[in-house]
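In the part that follows, the structures are each spelled out as structure tokens.
In what comes next, chain A is part of two complexes: it sits with chain B in the first one and with chain C in the second one.
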Partner chain A sequence: MTVNTWFAEKMGNHGIHSTYLEDHHPAHMPCLEIRLIDWSSAAQLARQLDMRFTALWAAEGGKHDEHLRYAYMVFAHPKHRHVMLRAALRENEPAVSSISEHFIAAMRMERVIQEMFAIEVSGIPDPRPWLKHEHWPADAHPLCGDFAADTVMPRCPGEYPFIKAEGSGVYEIPVGPVHAGIIEPGHFRFLAVGEHILNLEQRLGYTHKGIEKRLQGQQAEQAIHLASRASGDMTVAFGWAFARAVEAAAGVVIPARASALRAILCERERMANHIGDIGAICNDASFAFMHAQMQRLREDMARLHKQLFGHRLLMDLIKPGGVSVDLNAEQNLLLRQQTSALAIEVESLRSIYADHSGMQERVIGSGPVSLEEAISIGMTGYAGRASGIYVDERVEEAYPPYDRLNVRIPEGRDGDVATRVWVRFEEIAESARLIETLLGDLPDDDLCSAWQAPDAGVSGLACIESWRGEIVCWVRFGNQGRIDRCTLHDPSEVNWLGLELAVRHVPLPDFPLNNKSFNCSYSGNDL
Partner chain B sequence: MLRILKKALFTGVKSEVLAEAGEQIETVGPELEAAIKKRFRGSLAIRAVDAGSCNGCELEIHATNNCYYDIERYGIHFTASPRFADMLLVTGPVTRNMETALIMTYEAMPKPSLVVAMGDCAANCGVFGKNNYAIAGAVADIIPVDVVIHGCPPEPTDIIRGILTAISRT
Partner chain C sequence: MSLSMTLWVLNLAQAALMVLAAPLLAGIIQKCKARLQNRRGAPILQPYRNLLKLFGKEALLAENASWIFRTTPYVLFTTTALAASVVPVFLVDLPSALIADVIAMAALLALARFWLALAGMDIGTAFGGMGASREMTFSAMAEPAMLMSMFVMSLGAHSTNLSTMVQHALHLDHLLPSVAFALAALLMVAIAENGRIPIDNPSTHLELTMIHEAMILEYSGRHLALIEWASQIKLLLFATLIISLFVPWGIAESPAIQPVLAALVFWFGKVVLLAVALAVLETGLAKIRLFQVPEYLSTAFVLAFLGMLVHYILEVGA
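And then the complex of A and B:
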């Protein structure tokens, strides 16, 4: 494959020198090394070229440069695809300049490299720790090489400074980390006036499980179990992203049947989560009928998954090199029949939902995110599509098998709860269509290619469109096929900001409705 | 409205008549109901706490509320406050960042209380592992546990069976 030199040339025109790194794959998503001094101007250039920001992280050096620390950032252009930039940091006082003024979504990731690697991010608008809670020791930087994975950290005194508001009638409502329902933990600090939300501040990190540290030293076959549990409701997509990253690094091409099966699983996951969430959104507006119906459909899906694949939520079916499940003709038919029957039932329920004035009253116009705001944070997935950002890796990257499918993207405009629900209804229908197409023409070859880990120092990048949006996964190998550094980026990292924007001026009782319409992952954010 | 009624009518009753369901839920249901009637005056209130799970377990707890399992018909309901909860259903390995919140939730419950650790992570930290700087331990390392439900994640019938086991012990 030819090397993608587009961004390198653009940078060259602006006096930013870059070096192409040979040991990174795939070549159309190149890794370019730039000088530290150009870090912020490269981000500025990406902004000017209408690229979107997808991820930022740091890593210690690999086999040949262990003493160094690097910062990485990834941008994507609709036509010219992804580019990874990396810069070596100074050895003694590692520091990098913030790119938050160009891409505000980078800020929480900068907060993470600050606390995890002891890298100073200069000019960061909000330097507070993010995943590292107040009771951690100040000198604990878990992703540094000299921090043992099994360190038992003492509990230290400390306090997290929340945003305050002054003025008469403004009051604070702290919510969580233990929420009122059966959901993941996180803290929300509302500043409210009367019934209306003035500001929502999110405090996450409660489910931080040290996943990136724990991935280090594992073999890919073992690590995929952990990577696919970054967020349990996106287990297929995370498994796929991880598998694709290690396959890119190792130069393993998977059989067409395996990629078709992966897509079938991923689209089923998309359908199941959209169906469940639409029900839950209706439940938050007290439309219990829709909730009951949607949960029934979701359970039907889970039961068939158990019957066909042995797991209700489709965990651990993807492995490096391929998949571990297959469908025979009879199973194929079962899956097709259920998928088309589900699509028909969802459509009939959709008309009931659309005609229900009480429901529509709650969702139309609630929690709008304008296109400008959505672009400014780089919102992704169905939330982005509801606001007018029609980015979809299944179309842009068109990784197999989507290269032979014509994925239709619903184009929303209003960016409110109603549009987010509308996009999800559309995506259910589209996923059903894709599944039927894939099942109707399942390639007849192997389920798995032989897996062979690459040499030390080789890395791979993959971007997969999960039901929430784009997942970014980067893996670098070390000795004996062990993973030396792996980073996972959940779309929620960006979309959580969308929720903060959406709920300004929304009445407090409509918060759950908005929260559910985004349904960001806590676990995927906290890792 | 007519369409809602029509849909509801044609969907029919999906709650599995326990004797016909065939699998584990068959025997669990009536026993559970009897135990709740006897020991909890017909109502068992559960507070679910995610102490750091991947959210897979939460999906399956939600499933126990769907029309097939309909856990409410036995008198079980999930409550928003630990203050009036009889049982704490904990998922996930307990992360260091959730340790305090879990202990506070447990202490806020009226005693005697029951604790069910649900899922492999709650049982033994699962894939995330005990020797992990970010993990405080399995649930039993933090608060007293009555029953452990294994599985990644446990299926709804296993959850219902685990709840029954816990209340049968009181």
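And then the complex of A and C:
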């Protein structure tokens, strides 16, 4: 494949020198090394070229440059695809300049490299820790190489400085991290006057599992189990992203049957989660009927998954090189029948939802995020599509098998709860169509290619459209096929900001409805 | 046994019935809602089991909870039970109705609410204060609407004594338009006062959307049991009030065994019908936006007011 030189040329025109790194794959998503002083201007150029920001992370050097630390950032252009930029940091007192003035979504990731790698991010508007809680020792930087994974950290009393507001009648409402319902832990700090929300501040980081640290040193075959648990409800997509990244690094091409099966699993996951969430959104407006019906449909899906694949949530079915499950003709028919029956049932429930004036009254106009706001933070997935950002990796990257499918993207405009629900209904129908197309024409070849880990120092990047949005995964190999560094980026990292924007216009009791319409992952945000 | 003694015994029996049957009503509504959502649902007797469970659990108190917080469950339960004892259930002529009329009944409920709001604020959590603020805001509109709709009935009966009002309603020889207005208003108020959909959702877990539940989030054990029980009694009280004032047919006028038993059956049947109607309503509706609740309650008030106007225009002197 030819090397994508588009961004390198653009940078060259602006006086930013870059070097193409040979040991990074795939070539159409190149990794370019730039000088540290050009870091911020490269981000500025990306903004000028209407690229979107997808991820930022740091890594210690690999085989030949262990003593160094690098900062990475990824931008994507609808036509010219992804480009990864890397800059080597100074050995003593590593620092990098903040790019949050160009891409606000980068700020939380910058806060993460600051606390996890002890890299100073100069000019960052909000230097507070993000995932590392105040009760951890200040000098503990868990992702640094000299920090042993089994370190027991003492509990140090600390306090997180929340944003304050003053004035008569202003009050704070702390919500969480322990919630009354069965949801993930997260803290929301509302500043409110009466029932009006002045500001919502999110405090996440209650689900830290040390996944990135734990992945280091594992073989890809084992690591995929952990990587696909970054966020349990997106397990297929995370597994696929990880598999695709290591396959890109190793130059392994998977059989067409394997990629079709992966897509079938991924689309089933999309359907199941959209169905469950739509029910939950209706339940948040106390329309319990829809909740009960949608739960039933989701349960039907989980049971068939158990029957066909041995796991209700489709965990551990993807492995480097292919998949570990197959469908025979009979199972194929069963899956097709259920998918089309589901699509019909969802459509009939959709008409009940759409005709329910009380429900519509609640969702229409609630929590709008305008296109400008959505672009400024780089919203992705259904939340982005509801606001007018029609980005979908299944169309843009068109990784197999989507290259032979014509994925239709629902185009929302209003960016409110109603539109987010609408997009999800549309995606359920589209996923059902894709599954039927794939099952109707399942290629007849192997399930798995031979897996052979690449040489030390080789890295791969992959982007997969999960049901929440774009997942970015980057993996670099070390000696003996062990993973040297792996980073996974959940779309929620960006979309959480969308929720903060959306609720500025809603009264307090409408927050749960909005929160559910975004349904960002807590776990995926906090590896 | 003298007649007045018999009446007092029956009155006490009636009050005990209201208190003991209240969880059953909650169970019936829950079961109906579950069936309407195509779920199997918990057994009808589940609310009794829940109360039993809560009474057996330790009551935890917040560190800074004062005596207000500790007393409120008892005040709440007592006032609600007392209010329930003045409503005619199966017998019209109640001695307790002479002690407390409909205004006193409303005042008892208001007293309970006042204590609950205080308790919500007592422990100093954001949710307690939020719930108390919402509850008091809405009750300021719900109470006038409730009293107004009652007054429509008392205008005809020339009394605020519930026994007299029920007796009057029982002997109406034709339907009065003012009564229809009062009924509509009271139904709307009853839904709001008891925190049912579309105003509040008693089964939600979302703290930010709560009104009534937000005030009692910190309660546990026997305290919570008493509060939940009081809510169930309140619901049965409103159901019985609506039945006795608007569809009293079948209620006993003399303390003889046969009419009383017949009245019990009638009352039970009507309560079940109301429970089913409430379940249907709650299944079919979503919650309205918080800022629409005042509109809803002022609609109830206007309906009650129209009932009063209609009474003067069409019914007085006719």
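The criterion applied here is as follows: the second predicted complex is superposed on the first by the 527 of 527 C-alpha atoms of A that agree within 3 Å, B and C clash if a C-alpha of one lies under 4 Å from a C-alpha of the other, contacts with A are read in each partner's own complex, and residues count from 1 in each chain.
We take it that a contact is a pair of C-beta atoms (placed from the backbone, for glycine too) under 8 Å apart; a residue touches a chain by one contact, two chains touch by 3 or more.
All values reported here derive from a predicted model rather than from experimental measurement.
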Using the superposition on chain A described above, determine whether A:Q293 touches chain B (first), chain C (second), both, or neither.
both
Tell me which partner A:R86 touches in the superposition: chain B (first), chain C (second), both or neither.
neither
When both complexes are superposed, which of chain B and chain C contacts more residues belonging to chain A?
B
State whether A:S521 touches chain B only (first), chain C only (second), both chains, or neither.
first
Touch check for A:P509: first (chain B), second (chain C), both, or neither?
second
In the superposed arrangement, does A:H77 touch chain B (first), chain C (second), both or neither?
neither
According to the stated criteria, A:T151 is in contact with first (chain B), second (chain C), both, or neither; which is it?
first
With both complexes superposed on chain A, which partner does A:E195 reach: first (chain B), second (chain C), both or neither?
second
By the touch definition at the top of the document, which applies to A:R229: first (chain B), second (chain C), both, or neither?
first
If you stack the two complexes on chain A, which partner ends up touching A:R468: first (chain B), second (chain C), both, or neither?
neither
Following superposition on chain A, which residues of chain A contact chain B and also contact chain C?
180-181, 289, 292-293, 296
Where on chain B is chain A touching in the complex?
3-4, 7-8, 11, 14, 48-63, 65-68, 78, 80-82, 92-93, 95-98, 100-101, 105, 126-129, 131-135, 152-153, 155
Chain C touches which residues of chain A in the complex?
171-175, 179-181, 195, 282, 284-289, 291-293, 296, 356, 358-359, 361-362, 507-512
Seen from chain A, its contact residues with chain B in the complex are 131, 133, 135-136, 140, 142, 147-153, 177-178, 180-185, 205-211, 213-214, 225-226, 229-233, 235, 276, 289, 292-293, 295-296, 298-299, 302, 306, 312-313, 315, 348-349, 351-352, 355, 521-523, 526
Can you list the residues on chain C that touch chain A in the complex?
33, 36-39, 126-127, 129-130, 197-198, 201, 203-209, 282-291
